[in-house]
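You will see chain A twice below: alongside chain B first, and alongside chain C after that.
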Partner chain A sequence: MAGAAPYNDERAREIIKSHLGLEGPALPILHAFMEEFGHVPDAAVKEMAEALNVSRAEMHGVVTFYHDFHREPHGRHTLKICRAESCQSMGVEKLANDFLAKLKLKWGETTPDGALTVEAAYCLGLCAHSPSALIDDEPVGCIDMETLDGIVAEAKS
Partner chain B sequence: MTKIYVPLDMAAVAMGADRLVAAIEKEAASRGETVQIVRNGSRGMLWLEPLVEVETASGRVGYGPVRVKDVAALFDAGFLSGGAHPLSIGKVDDHPWMRRQNRITFARVGVIDPLSIAEYETHGGGAGLARALQLGPAATIEEVTKSGLRGRGGAGFPTGIKWKTVADAPADRRYVVVNADEGDSGTFADRMLMEGDPLSLIEGMIICGYAINGSKGYVYLRSEYPQAAIVFQGAIDAARQAGWLGDNVRGSGFKFDIELRIGAGAYVCGEETSLLESLEGKRGIVRAKPPLPAHEGLFGKPTVVNNVLSMGTVPMILEKGAQHYADLGVGRSRGTMPLQIAGNVKYGGLFETDFGIPLGDIVNDIAGGTRSGRPVRAVQVGGPLGAYLPVSLFDLPIDYEAFAAKDSLIGHGGLVVFDDTVDMAWMARFGMEFCAIESCGKCTPCRIGSTRGVETIDKIRRGENVAANIELLKDLCHTMKFGSLCALGGFAPYPVESALRHFPEDFRKPALEAAE
Partner chain C sequence: MTLIKEIDFGTPESKSEKMITLTIDGKTVTVPEGTSIMRAAMEAGTEIPKLCATDSVKAFGSCRLCVIEVEGRNGTPASCTTPVAPGISVKTQTPRLAAIRRGVMELYISDHPLDCLTCAANGDCELQDMAGAVGLRDVRYGYDGANHVFARNSGEINFDWKPKDESNPYFAYDPSKCIVCNRCVRACEEVQGTFALTISGRGFDSRVSPGMDEAFFESECVSCGACVQACPTATLTEKSVIEIGQPEHSEITTCAYCGVGCTFKAEMRGEEVVRMVPWKDGKANHGHSCIKGRFAYGYAHHGDRILNPMVRESIHEPWREVSWDEALTFAADRLKAIQAKYGKNSVGAITSSRCSNEETYLVQKLVRAGFGNNNVDTCARVCHSPTGYGLNQAFGTSAGTQDFDSVDDSDVILVIGANPTDAHPVFGSRMKKRLREGAKLIVVDPRRIDLVRSPHVEADYHLPLKPGTNVAMVTALAHVIVKEGLVNEAFVRERCDQDEFRDWADFVAQDRNSPEALESVLGVPAADIRAAARLYATGGNAAIYYGLGVTEHAQGSTAVMGIANLAMATGNLGRRGVGVNPLRGQNNVQGSCDMGSFPHELPGYQHISGEKAREVFEKDWGVKIDSEPGLRIPNMFDSAIEGLFKGLYVQGEDILQSDPDTRHVSAALANMELVIVQDLFLVETAHYAHVFLPGCSFLEKDGTFTNAERRIQRIRKVMSPKNGYGDWEITQLLANKLGMNWSYVNPSEIMDEIARLTPSFAGVSYEKLDRDGSVQWPCNDDAPDGMPIMHINGFARGKGKFVITEYVATDEKVGPRFPLLLTTGRILSQYNVGAQTRRTENSRWHEEDVLEIHPHDAEERGVRDGDWVKVQSRAGETTLKAVVTERVATGVVYTTFHHPMTQANVVTTDNSDWATNCPEYKVTAVQISVSNGPTEWQEKYRELSESARRIATVIDAAE
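The block that comes next holds the complex of A and B.
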């Protein structure tokens, strides 16, 4: 689950330093930023570029390539609904569209109170229990509108 | 004290296994019973999850799917000694789903405690590595080659030949990289193996490192698999503690260690060169080949990249001998394939069987047809880049070459079943959309072509110049197939073309939609 600590350069440098012993440390560092700050702010990218001795543009390119890393904080919880083929075979397209319409959200958006970001995922490896979802790191199989409503209620509480 | 097994497998957890463990513990305590709960992997009968097993004098008796509300009744029925209850499936090993399989890669999954080195060894673990150390590196590679094992990640390349290429490449360092990106929809075998028998993957990697003279292994695991990450890291730690990893592997003097790395939500990073770029900390842009990763892979060093299943099967091959594995299967598809049965099916799960079983037997017989109860219309085999097959092709045997001859692929062994409510034009559109979302952007046919594909199918679905647009779509598929650098752009046309070929009526029903 993404963290929510306020960003500070000091802590970012600490995180970077603790990973410098690794070969190719960029992804582990970015994951650690996500876990700590819930996003990867531009200031953190700058620190990283300096420490890893690459240009900021290059570092920025790495961050934006991957779906998991984002530059702005998301909601307190993230719901990933699988919309890949197996889940399509069990009607996820309609379910997800109805759900998003009910929340007045599009894929990738966050509820106005900042409680929940809803993202599309492409297979969660739970395809024998389609349609399925991940709420933060917790898997949920055979979802329906009732399950999703429950997830929203819990995220808001 | 009674031993109870409740899987830690992510699919079981998704159906409430963690809550169930808490409920069983509470109920046992209130009744003064002492139970020991073991978190095993899943047996693969996923429709029965959470499947609770109880160890009895006559074997392990299963109950499933068990919900928290069933717990008190199970105690009342005496399930601790295998008592009768409507959820009982009897002895798990006698279940027809289990008996019909030939479990080699998955022999231990669901049976043992995944993190117990002692149980792993009791069930044959370690014998493969011991034999490899006895044979020496060259003869170990020879065994893998003779077994006929082909890469289970999708391309089906002979594993032994890949290893030999890496071993023969002059270098001061060589790497073992396991591809656990498992991005194909309808697949979960890598996840199940890493959660259910992670030590077999570790042992396979050690054998590989020994065979190619490499001392460092990486596992690149997708971030959508948090449970596999926890279990596999636990297994690495246990293996290090037991002297399986480190400076002196099992007292052999051979040095090897493994590091787990987590991906970041990019399907293309399952492509091996993109994966290597990502491991190096870069954007996951596909590299042109040559050079092959076997010659210039991770950090420019010769690198074996193997799928979890390929690597995880190696210990069994060495333990039982190459011939045992090579004797199974058909044609050039030797051994067994862990099939993953998914989508709209009654019985979904993992079913490992010798190559050669007809597609229809799996769908109708083993999977029991659709969960919705409606007729089967299409099966997509091999993930999002695999073809949609109609019922008229149900005779097709699971065999790399037989599938290729029908413009389709086995890939990583996933089967997704659709009933007759599926709109194949929509699924074709989805295939193109997926390619557009996940394209690494390096080549135009894939990056731009997939977006044009979505637009063209939208026009067809709206009934605009249908015949001309179908021709355009076919042209586009042709360009993508022959103008793309990797199989994302190169194979994305397969689902689209197969939908057009086998389900043409779905591309010609605008009148119907207009009437809605």
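The block that comes next holds the complex of A and C.
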């Protein structure tokens, strides 16, 4: 579960400092940022570059490589719908498109009330229960529109 | 003349001595171990298709075009990442490989615009070449899918498309043409060492990103152009190529900016420079360059350039454009009249470190043979004259001991008073590369220069000493080396004078020279000094690089000798990776010194009092040479103010802006009856000139420059002189007006004369330079191919000389009225007085000189970032904008001297080095206060500049 503390440089520096003893501290720091702030803002990337004595370009390259480190805060909950082969064969594309249309969202977008962000995943390893999804850290199998509506309702509550 | 195309071997050379033999396409090839199969094939003349590989950066293996088959091995490995192995048999062309390559190319082209005919890279595009090489005929995937090419896909906005980034004035970035080969990113990292580029995103989203998806101009990019050079497509392209088109011929020439002496291919269309591309075979730069050399040549075409000779009776009149004959007759008649009235010694000349060896040689010959005195000096007086003196004392030659390549073998690098990443950027990149490989770094500098800490580089010790205390620092380092038994006894016994060594060792060992005793003088913790000294003495090959932060002091020469002492005491001389390396400021500082520009020395540092040396020149020139040294630059000014020195010929040097204590200089110039300025522009000195002879740029003449590593390299004429004559021709015309009867038709004849008369240049000729590319002097019968590393088996002077370096505090002391120390320097995008770079787009990076001040000092004075501040010293005052930064220590402020309206040198004093009169630019006690705008002096000077630059004909036309 990603944290939601408002970003501030001071706290970012503290987090960085507490990881500097590690070998290869960049990824642990980024995870810690996600944990604390729920996202990795550009200001944090600059702080990291300074502390690790690398260029901000390099740090940016690392952050943008991983889809799960995002530059903007997400909704309070994140739903990842699997679009890999098995789920596709079980009709997830139509399901997902209808679902997104209903919410008036595109992949990666957040509901206007900030409750839910919908993202694509490419195989959750739940192929036996295709189509599958992940709500925050919780896997859900055999999803249909009803399950998804339930997830939205719960997220908004 | 054709366009020089260098062979791209795809991957860097292997340095291994072990050789490996293999077979490629049935041909037997022998290459050093560690060579890639791609490179081995190219060496054998077989080009394997490639896109992401180029030999300036390490293999990357991403484009999958360079696949090969190796007999007995599975699969199709990439030839760039697969090293050679003994006895293997490689096939570079098989039906399977052809199919793979075609498939790869199809994928590339499916996301690439098909606008080859109107593309700036047309004719110089590796993607185009590879499409041809693999026989691409069809793209089965079509062009309709997701792409980065079109701004709209069937009417819908395409979010994958990005507009062109034209923020950099010199090159454009068009993401739609990018194939994400990573060559630009790798060049920025491996070659330049700035790490300003990355690939953002992954997979199909991957795009080249300057900084954090910033515009190039806003990013960390320093505009060296390595990425542009590495780009195989039109993604990164010089704007000049976009504008003009592809070049049709090229010439190898040498950069006219700093002392690194990069060689370039000037790629031309007719007489128009299309672009400057650093030459891979250039031994100083190995195919790399900085923003100045690659891009800042536009000054040659700038509208400010004066192309016609001009004269005026007095400096209060407007200039009159006249014929060459009239201008030269005017100059010669006045010179003769002055000498008749005030005596032989009332005239002199100043040679330039920006002009060629041949030109410098001619000016000093004109003075010695034509004027009949030795009143010739050069701008090296105000920069590296202490190097000449100090190193000559210690080793017997006035030059650095190494070549630049030597740094590759350094284990410890000690940088004193130099800022290579700004002032010698190409060498700075080289040094950073070695540092990334693990060499240790000690920085002695009052400022936190980039080397102290910047991406992937961090100094092990930064000793931020107070300006003016170099000698105390060097002695303190020596104290630790001697007292802790770190002296290389064997080296000292074998190579150095024993008595002098013992005296020196006794001196430095005194308690008063310990780091602890000097802590308060230096302002640096003693423990750091001790640790740095131990590292220097015991860390393996240790090299010292120093710059004007050492020489431009009241004890500049002493500090140079102190540095030589350190190197000798630790045995760090006479092999690769070590040595004493002065980083020369201007392109031909070394050369102008070599050419006899000093009032006491004939070419090749032969003292003027030496009968024998004089005799050689006298015989050749057919004149009698005065045995008394002439006036140095500061003496010329003093003498002018006394009314004794009345005529000066200044070639390519802006003494009014560059020399210290501007008011003193202007008073001296105003007192002269004839000032001849030969330059590209109406420079500041020209305000006080009576004759202006338009000079030409390095692109318009033949000659040679000698760089900081003593490397003599050719400059070649690529366009006709816009002013009509090369600078050497102008000097010759003037000399002939004075009755000299010179008849040089080509600068090569001047070099032949230099070789004939100067033992250390005996083997130098244009023929040799054209054949070998370059040569490092001494070049004579003992060293027919020159000498990259000096003093290998002993010093040039015999025994190395230790000199006692007693620290004497400068007269320029802080006190209640002037509590801060001002030190000066320069920055990457501008060069020296800025006459060239200010007339290019480089000014966008540095529009004005600013004053760096520490937050603490700023707060005490109520100075905020961006405020106008007044800088006052005992000599004068000026105003400029403040930048509040921790780069400078408390008590120290810093500025540059690139802009004439700032006039940093109004503030600097006329204190100078005891031995050579090199001015103490680096230490001036000042006070800083908030101000409203320019000082009275600056206002007056602005008026003078405007009035002194009036040209009569232009005004007539305007009226």
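One rule holds in what follows: the second predicted complex is superposed on the first by the 157 of 157 C-alpha atoms of A that agree within 3 Å, B and C clash if a C-alpha of one lies under 4 Å from a C-alpha of the other, contacts with A are read in each partner's own complex, and residues count from 1 in each chain.
Please note the rule applied: a contact is a pair of C-beta atoms (placed from the backbone, for glycine too) under 8 Å apart; a residue touches a chain by one contact, two chains touch by 3 or more.
None of the values given here were measured: they were computed from a predicted structure.
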| item | value |
| --- | --- |
| Superposed model, chain A: greater residue contact from chain B or chain C | B |
| Partner chain(s) touched by A:Gly3 [first = chain B, second = chain C, both, neither] | neither |
| Partner chain in contact with A:Asn53 - chain B first, chain C second, else both or neither | second |
| Partner chain(s) touched by A:Leu134 [first = chain B, second = chain C, both, neither] | first |
| Chain B versus chain C as contact partner of A:Met90, first or second or both or neither | first |
| Which superposed partner A:Leu27 touches (first chain B, second chain C, both, neither) | first |
| First (chain B), second (chain C), both or neither touched by A:Gly150 | neither |
| Touching partner for A:Gly114 - first (chain B), second (chain C), both, neither | neither |
| Chain B and chain C footprints on chain A, overlapping residues | 61, 65, 67 |
| Residues on chain B engaged by chain A in the complex (per definition of touch) | 10-11, 13-15, 46-47, 49, 182-188, 191, 223-227, 259, 261-267, 278-285, 299, 340-345, 348-349, 371, 380, 384, 414, 416-419, 422, 426-427, 430, 434, 437-438 |
| Contact footprint of chain B on chain A as seen in their complex | 22-28, 30-31, 52, 61-62, 65-69, 80, 84-90, 93, 121-130, 132, 134, 137-142 |
| Chain A-touching residues of chain C, taken from the complex the two chains share | 194-202, 209-213, 219-220, 453-458 |
| Partner chain C, residues of chain A touching it in the complex | 42, 45-46, 49, 53-61, 64-65, 67 |
